[in-house]
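Two complexes, one shared chain (chain A), two partners (chain B, chain C).
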Partner chain A sequence: MTDATTLLVGPFNRVEGDLEIRLEVREGRVSAAYANSPLFRGFESILQGKSPIDALTITPRICGICSISQSMAAAQALADLAGKTPSPEGAKVAQLLHMIENASDHLMHFNMFFMPDFARAVYADRPWWDQVLTRFTAAKGSALKRAVEARAGLMHVTGLLGGKWPHTLAIQPGGVTRAPSVRDKVRISADLAAFRAYLEEVVFGGPLEQFAELATIVQLSGWTGGDVALFLAISDDLALDSSGCGEKRYLSFGAYPGPNGPLFKRGTLVDGTSSQLVPEQIVEEITHSWMLGQDAHPSRGMTRPDEDMREDAYSWCKAPRLAGETFETGALARQAIDDHPLAVALAAEGSVRARVIGRLLELARTQIEMERLLASIDPRAAFMRHVRIPDDGEGVGMVEAARGALGHWVRVEGGVITSYQIIAPTTWNFSPRDGRGVPGPVEAALVGAEVRDGEETPVSVQHIVRSFDPCMVCTVH
Partner chain B sequence: MTDTSAQIETFYDVMRRQGITRRSFMKYCSLTAAALGLSPSFVPKIAHAMETKPRTPVIWVHGLECTCCSESFIRSAHPLAKDVVLSMISLDYDDTLMAAAGHQAEAALQDTIEKYKGNYILAVEGNPPLNEDGMYCIVGGKPFVDQLKHAAEHAKAVISWGACASYGCVQAAKPNPTRATPVHKVITDKPIIKVPGCPPIAEVMTGVITYMLTFDRLPELDRQGRPAMFYSQRIHDKCYRRPHFDAGQFVEAWDDENARKGYCLYKMGCKGPTTYNACSTVRWNEGVSFPIQSGHGCIGCSEDGFWDQGSFYDRVTDLTQFGVEANADKIGMAAAGVVGAGVAAHAAVSALKTAQRKVQDNKKKEEA
Partner chain C sequence: MNILWLQSAGCGGCTMSLLCAESPNVFDLFTAAGLEFLWHPSFSEASGAQVRHLLASIEAGEQELDILCVEGSIVHGPKGTGRYHMLAGTGRSMLDWVQSLAPKAKHVVAVGTCATYGGVTSAGDNPSDATGVQYEGRHSGAALPSHFRSQSGLPVINISGCPIHPDWVTETLMLLASDSLGADDLDSFARPRFYTDNLVHHACTKNEFYEYKASAEELSQMGCMMEHLGCVGTQAVGDCNIRLWNGEGSCTRAGYPCISCTSPEFEEPGHGFTETPKFAGIPVGLPTDMPKAWFMALASLSKRATPDRVARNAAADRIVVPPTVKSRKND
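Right after this comes the complex of A and B.
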């Protein structure tokens, strides 16, 4: 292949929502990539004219897999609008719910979305293929079954505290509607213990604390337990440490706020240098999006789809930029910005391996933190504080979903929502080009990916795209 | 990937292949009978059917949606239900879970349609947006509405999973920017089973599909096309907080003492009195709880139009009284819902004394 050819990859399966990527291929390598989010529902216009508290019910329905993150962002935006904070114990319960969802998303991604690609026939000659085939064949592998079971068990906690999952209603600006009793605490602690046992036996093949303490890539390479070790072997064999490398600009809104700031820090990390995040520098650009209006900060943004689907645009997704630059967001970014030494080393690599390990590292740390958080909950305290939503004002909710930074910007006038703008993690990661023609993080990471002769859905592209754990329903909403 | 032989195996074959033991299989049969409200004498019948009948292929497609239905489904409780049902339907085509990608996936869909023409069940999650020729939801380069019509053409029956497929759900809320349209407005010549809820309860989903696969016929539907076994009672009828309602004990604010005591949430906008679903009996996340038990009112997510009835936190005020005799059939009857071909109409109707908002709304619509 000497001339440039074009490949259209999609629909992608095993991602939440629809995704299509156009690839230009030159000499067996991707030379340019264009990510298209072909699903648009118009949540931001639906929210206009509604009562602000209805955002608590409507926004979670943007996404069935990260609905608690949407609840958290909406509740935070409304509390901000009212100038209040939730009751401390209520905030803890909400946070526990959020951690459970994030942990289960990481687990789901590894087992159901990412690993099954290594069971493809194209790898039949690799030494690890047989093992992957039994454990990770899509919808059938033994690892998948265990993961789904373990996750359903963990979700008992969301059932107990949130009434139902997906689309839990319990999270409110003032706290949560359900005050856990002492007995609930015992049940939850049993559920968490069961989840830990599963993680240690199957996923990590060793104590979580030990994995969370790995500080260097050399130490990581020495890990021999569980499915993590299987992934590391595959990664070494396929050089996933040098595949899908990003621009090494990371951002995190900070996860799980507490009295002393977020548990996982807020900030940015650019080429190894960390800085403060300045949310005012966020701009959503629309040059290559089928959107009308102007580039704007989300507090001033609008969502008006271009029904003509103009020629120079190619996605419903807007292009969020921070100080004019693209940023990658997700577990790797979060852990690196939180100064975890292994994550910092991996962030410098910025590869497929880095993103996958970043997620697993966070899974281990989150489990430990959930146990700590549960122990600190005092069932006798108040779990809800009265919050009156004012008729006029603005509010911002910035949280971390499993896939990265999620922001809600709301404006209320005369008791109804007049503007509601959402930037989801995958909006950052899968953004189209901006006004300067700079490709979004995934588009950039795909450049250089190998396309083997005759491959129509290049397997390397699958790995790279999935390493970002796209959630397309959130992206455009 | 999957077998290519023309002969379709039985459910039991599939299960055996998945490594499910005889013991687990029998346990599953009794659980199924129980879930469907059948007497234990049905257990051998179910077992026999599963051992001898060729499995029913299922094609599962996704339109405009949030994937919450799939998420709910795979978290289904009964230890085996999910496993067994997953292997039973083998997800001949499901783009969230399957292995293939791109053209391969498209080809798999086409193959499945060809191979099981007239025999497969089409399960639809989400709905097609019709504005701009369907351009707001593109699957494999084509509008989802085309894929839906194509897949429905040779389907034996269609299951509309969740509020999106059944009624439109929040994405169809005013001003319905994409003209998100429920499945039955697009597919008009097939029996359609609506399984509303946002999402539906996992056990309800597996229950419905198991019934159809086991008995090879549609479950009894109410007038709105919902399976009567799960949607014939109001949340309110079986709510554990009902005694507080009857005693006039209400939560007045989220943070009050009554909230702690678990009083009735009616004044907090609970839609339990007007919502037909199994939440208060089957419950969620493996039977652990349901929204009212978590201290938050029901938002009525299994009812048509729940997203555009004023604020979710507004009290249901146009209900003059709550008669327990009202049932979904009666309401549905007035709603003049379309009943799909081959659907046994539910004959039992109890007296309706109450004027439900739905009835009023629909009358208005009829008059208009």
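Right after this comes the complex of A and C.
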């Protein structure tokens, strides 16, 4: 057996935030991978001693791409602390804002972060390359520009209802700060209609409902419209359906809560079997993290960085585990746990293709749900309910960001925050090894990835890593 | 002009906001202005080794650098090493990279309040020991010394904002590309005056409520948020209510207070972000350039003169009393 060589991959761009991956390579394949989140800011410490309501200003600023998700988790944690729920119509507006952000993130992941890699010169001999070069060349492609323009138009909804994006303060434990009028509703409906028209013309090349009704991988393979079809052709050519396969353990906190439970269900899916999520079984391990203290459930967790950056650790990211196991989270997990038949089939595949299609499927479904939600908003109702935050207590906010399960666990004593712990989606997906030495989801998915002769930054590794759509600023926070 | 964009210790939200630029889209705008990215962490194809080679060639003076943009604060911890943020793949801290590359650049631009003054990353007990590129809060001298000047002779140009408005960045870069931004065009904290010569108060839709001190007592009420809800729009620099955000938005238009995110040290106001500190029932912070005695006199007078319409709307979440219009001639 030949000796392993080591590759250090970084700066790893077209992901949100900072990422470094160390690869051990044997015989042209990755034999082990180590994901390092190289930035520590310490938001959990920053929040200590603050008034709980200030978490609504500070936590969105953990992340410039999942900002509203952070707002939602913080508002939900504070409402939970107060034992209150937001006004029903206010909750709908907050949810609409959240959906806009998640839809925007999925769109930009596909167009700006993921697809440009196929325009690389390494693929110049492939039959689809010319088309990708025109549409997806980084910073220049025609598809990218259309996507940026469509997204900017969609974001008018966040301007109108949230003042700006990112970092709105509109979402509160009791609802939202601005009551939309009936005029606002028609304005937003026009923005949503424009976004649908773009999606149907460019991304899907067909009606969203038809895409959302695809139930099998055979049906998916027959889809011939839009940039989705271009991706499917690339995927078939490069066998992305067997690349970057994960451990097939999926987790969702449940997205968009409503009177009858979340719109997209909460739960776990392990090797095709669904189960209830038991949040008490979450433990953040720190064996290979530059953190001091003990493994703990986030309600009892702490964040004490190891200033000496000890040798046997390699990331600022903690390693969250559910009942001792690693879990993958994100759009694929969410759609599969929601029992969408195509997503269930893709989850069994667990590949680069599965993650990318899972996201596009959710994009189509989210647009349909946004229209439905908007139509249900009653502009005559109250959009805010008074919520007094108690001086002592604990609260939990569990939401789904674009990239997966996001949790905030807050404790307040004497009117100030004494503990604030956050587990972000990419904390799950890009966690380092745990106490048993078990690699995190992306580390496991990278094993077996092809490394071509002379590659310093293997392109297959880039596809696999980006298929997770990591948000590294959220990861460590 | 070419641009190297580095993301230091921040949330990446300034790049995300930049992508909201409209008419034209951000990529066409840069192309038309003759601005191109040597590398941007979210936009560029190059990853890993290619980027390391680029950074090395800039450092060696082989590749000229026109504009260095830094987004995010610079972390100095732990113990002054900067190792809380190593630039991935390089084995060197971002602190070290910024100090090394800045002198090579014709212009250095700090994007967002983290990069300019430390921002939210430096809030609380500042666990990562974060500063801005050239300022630590209101103090000049941080990752780069107070006397630092880029090759153009300008200090670090500070486009503050949490996040920045996309136009603040695109217009600053276009001004640089057309050689139209000089020292006189920057304010005392090195911010471009084209947006900091205005106050957030200017064109605020709550101005009639402000005139009469008809105040909102709780978020979601329409009244002025200065008296009770922490709004400092009368002191905060920015043209937020003139040029608007994401179509027709602004913080105050969405019903929550301006927290002066363009200002150094906004992250530690010394009180809750959504509450107004008072002394003997009077708000402590007064509108910029307003003599205190006059403010007090006018406020008490205008409060007593508040029209019923304004008073009732201030306490409501939507307009409940419309303005009186002249009666129709045929009635």
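We take it that the second predicted complex is superposed on the first by the 476 of 477 C-alpha atoms of A that agree within 3 Å, B and C clash if a C-alpha of one lies under 4 Å from a C-alpha of the other, contacts with A are read in each partner's own complex, and residues count from 1 in each chain.
What we mean here is this: a contact is a pair of C-beta atoms (placed from the backbone, for glycine too) under 8 Å apart; a residue touches a chain by one contact, two chains touch by 3 or more.
Only a predicted model underlies this, so the values are computations on that prediction, with no experimental measurement involved.
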Inset, instruction - Label the relationship between chain B and chain C on chain A in the superposed model as either fit or clash. - result: clash
Inset, instruction - Once the structures are superposed on A, label A:A215 by its partner contacts, choosing first (chain B), second (chain C), both or neither. - result: neither
Legend entry - chain B versus chain C as contact partner of A:M155, first or second or both or neither: both
Inset, instruction - For A:V438, decide between first (touching chain B), second (touching chain C), both and neither. - result: neither
Inset, instruction - Could you tell me if A:A323 is touching chain B, chain C, both of them or neither one (first, second, both, neither)? - result: neither
Inset, instruction - For A:A348, select first, second, both or neither according to whether it touches chain B, chain C, the two together, or no partner. - result: neither
Inset, instruction - For A:S45, decide between first (touching chain B), second (touching chain C), both and neither. - result: both
Legend entry - Shared contact residues on chain A - chain B and chain C: 8-14, 16-18, 20, 38-42, 45-46, 49-51, 53-54, 56-58, 61-65, 67, 112, 116, 119-120, 137-140, 145, 148, 151-152, 155-156, 158-170, 172, 175-179, 305, 307, 309, 316, 382, 384, 386, 456-457, 462, 473
Inset, instruction - Could you please specify the touching residues of chain A with respect to chain C in the complex? - result: 8-14, 16-20, 36, 38-42, 45-51, 53-54, 56-58, 61-65, 67, 108, 112-113, 116-117, 119-120, 137-140, 144-145, 148-149, 151-153, 155-156, 158-170, 172, 175-179, 181, 305, 307-309, 316, 382-384, 386, 456-457, 462, 473
Inset, instruction - Would you tell me which residues of chain A are touching chain B in their complex? - result: 8-18, 20, 38-43, 45-46, 49-51, 53-54, 56-58, 61-65, 67, 87, 112, 116, 119-120, 137-140, 145, 148, 151-152, 155-156, 158-170, 172, 174-179, 305, 307, 309, 316, 382, 384-386, 456-457, 462, 473
Legend entry - Complex contact set, residues of chain C against chain A: 7, 9-17, 19-22, 25-28, 37, 39-52, 75, 77-79, 83-90, 119-121, 123-128, 130, 162-163, 218-220, 244-257, 259, 261, 267, 272-274, 317-318
Inset, instruction - Mind listing the chain B positions that touch chain A in their complex? - result: 18, 62, 64-72, 74-77, 82-83, 86, 91, 94-106, 129, 131-132, 135-141, 169-171, 173-178, 180, 198-199, 253-255, 259-260, 279, 283-286, 288-297, 299, 301, 307, 311-313
